[in-house]
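Note that chain A is present in both complexes that follow, paired respectively with chain B and with chain C.
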Partner chain A sequence: MSPIDERPAGQAHPTQSLDDTVHQRTRLGALAVLHESAQAEFTFLREALDLTAGNLSRHLQVLEEAGLVEVDKGYEGRRPRTWVRITKAGRRAFLDEIAQLKELIRRVDDAAEGPDRG
Partner chain B sequence: MSPIDERPAGQAHPTQSLDDTVHQRTRLGALAVLHESAQAEFTFLREALDLTAGNLSRHLQVLEEAGLVEVDKGYEGRRPRTWVRITKAGRRAFLDEIAQLKELIRRVDDAAEGPDRG
Partner chain C sequence: MENEPPVQSPAELLAATRAVGRLALAARRGFWFPLVLFGLLVIGAAPWYPVATCDPHGAGICVLAGSPTPSSLSVSLYWLVAGAIGYATTLGYYRLHFVRVGVAGRIWPYVTAGFALFALTLLATPEVSHLLLGRGWTLPGDLAIRGLTPLLPLALGLFVLARLERSLPLAGFAALFLVVALLSNLYDLENQSPLLGWTPSAQWHLLPNLWLSGFTLLLGGLGFGLARQLRDRSVLPQARTA
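Moving on, here comes the complex of A and B:
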């Protein structure tokens, strides 16, 4: 924060607070699915988001490195399975993103109602 | 669309329809500001979004190449001015993004209300 930050109130834009790690479309989708189900099998995620395995892996790695998801490889019977879980930090980051998006949408909807009367 | 696309209804995820050209955080911010004011001076945009000139220029170029904004350089008196205007296609793309984000948020809020009763 600059000491001479005299930005008028209400001028800071909600997109400034978005975090690219979460906001990127594929990662946002993965976090949304995991937020809903807490844990998901890799193949389920891949199908839910209509991604290639390589693309999903790459994005999960970014999320894992940021501590937002945990990836566990194991077996179910003889079949290899990869489970993906959202972490507490992941949930918080996802809900922060959703809050910023709500604020963005509120502004768009307010603007649609007519010119600023303030 | 694959002819064997038998994805159950309601499974297609709203983030699949997001367009990176619009969704990227800085460009989303620029489009949001331009959607509100139709046209804005480069410096105004830069300050509203708290960006460096180089960063904003780079993103405006992506939007201009996609036909979503128009950039006009001119003078106001002796001062060089750059005006940025959202195009009809830009407005449509922005509102599509907002519609997808609303759908995403609706799902998150629905999930927060408790387990699926369907």
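Moving on, here comes the complex of A and C:
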């Protein structure tokens, strides 16, 4: 067993706690934007994440079906707009994912430093 | 993120996630505007702060107007009206900012903080607080004597804004402004203004106190606004590709 796998019995490795819905890079980026704001406009998300409209729509649909974001369509004046908001579940899932990533990085760093400890 | 690499380490993923989060945070910030606006409102309070009447035929002879404290109801009303207008205009600005930029923070913390700060301003405005709470409520004399106590809730408001906008530079500026506001309230700055080549007349001897705070806010707001413009042109596109 490698040092990265050494853990007390019953404690799951961080990779086991990663949520595939959230872990995907683009969806994690979208949740990061929404975590820092109450709501974001579709165009802002598309530009911030450097995506095509179709690609972003597919990712948002996955997040919406998982109950992690809410999508509202409406108008600002005459212009159609789509607003996206993170839900409480989405905020929690995002923070859990970040915590798991940090834990994973810590374990990788510990494993890399292991041989030097003698 | 469109052409994403097939494999990305956890550290790279975390770094990219943080970068795009910072991008959203930076985009939704707009605190330069309330700093400029309230700076102008503080500077614009000057006409309410003559503390003496001068005889135009008396070769510059001025007589203190009853009390050296500019605590008349008109001064108090100015601060309350200016505070309400400034707050409503700030909310309107953030609304427009959201429409233009496409990303917004939560509105309710701003509304709640605004009402709390307005209540504090009421307490810090002697004439109004006396009307509301009776003469039993008094501010410490050293604070009340110059009639500039509304600057203190304003300083507190900057701390709240720094918390809502999660900005360390604004928190640092709020600490600086608190010191300036206390100085404006507690120290006769006209003793130092001749060093800058300005000796106000007796009638306007409170202006250095008022304008030190006003210009601190104004210049701080312009500085933050300029920094935002520069960052929008350089740093943000880099963050998008991080």
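To be clear about the criterion, the second predicted complex is superposed on the first by the 104 of 118 C-alpha atoms of A that agree within 3 Å, B and C clash if a C-alpha of one lies under 4 Å from a C-alpha of the other, contacts with A are read in each partner's own complex, and residues count from 1 in each chain.
Here, a contact is a pair of C-beta atoms (placed from the backbone, for glycine too) under 8 Å apart; a residue touches a chain by one contact, two chains touch by 3 or more.
These numbers were taken from a predicted model, which means no experiment stands behind them.
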{"item": "First (chain B), second (chain C), both or neither touched by A:A93", "value": "neither"}
{"item": "First, second, both or neither for A:L28, with chain B first and chain C second", "value": "both"}
{"item": "Touched partner set for A:N55, first chain B, second chain C, both or neither", "value": "second"}
{"item": "Which of chain B and chain C A:F44 touches, first, second, both or neither", "value": "second"}
{"item": "Chain B versus chain C as contact partner of A:L68, first or second or both or neither", "value": "neither"}
{"item": "Which of chain B and chain C A:E36 touches, first, second, both or neither", "value": "both"}
{"item": "Touching partner for A:D20 - first (chain B), second (chain C), both, neither", "value": "first"}
{"item": "Which superposed partner A:V108 touches (first chain B, second chain C, both, neither)", "value": "both"}
{"item": "Common interface positions of chain A, toward chain B and toward chain C", "value": "25-26, 28-29, 32-33, 35-36, 47-50, 98, 101-102, 104-105, 108"}
{"item": "Chain A contact footprint on chain B (complex, rising order)", "value": "7, 11-13, 15-16, 18, 20, 23, 25-26, 28-29, 32-33, 35-36, 47-50, 98, 101-102, 104-105, 107-108, 111"}
{"item": "Of chain A, residues touching chain C in the complex", "value": "25-26, 28-29, 32-41, 43-44, 47-52, 55, 76, 98, 101-102, 104-105, 108"}
{"item": "Interfacial residue positions of chain C with respect to chain A in the complex", "value": "1-2, 4, 8, 10-11, 13-14, 16-18, 20-25, 27-28, 99, 101-107, 240-241"}
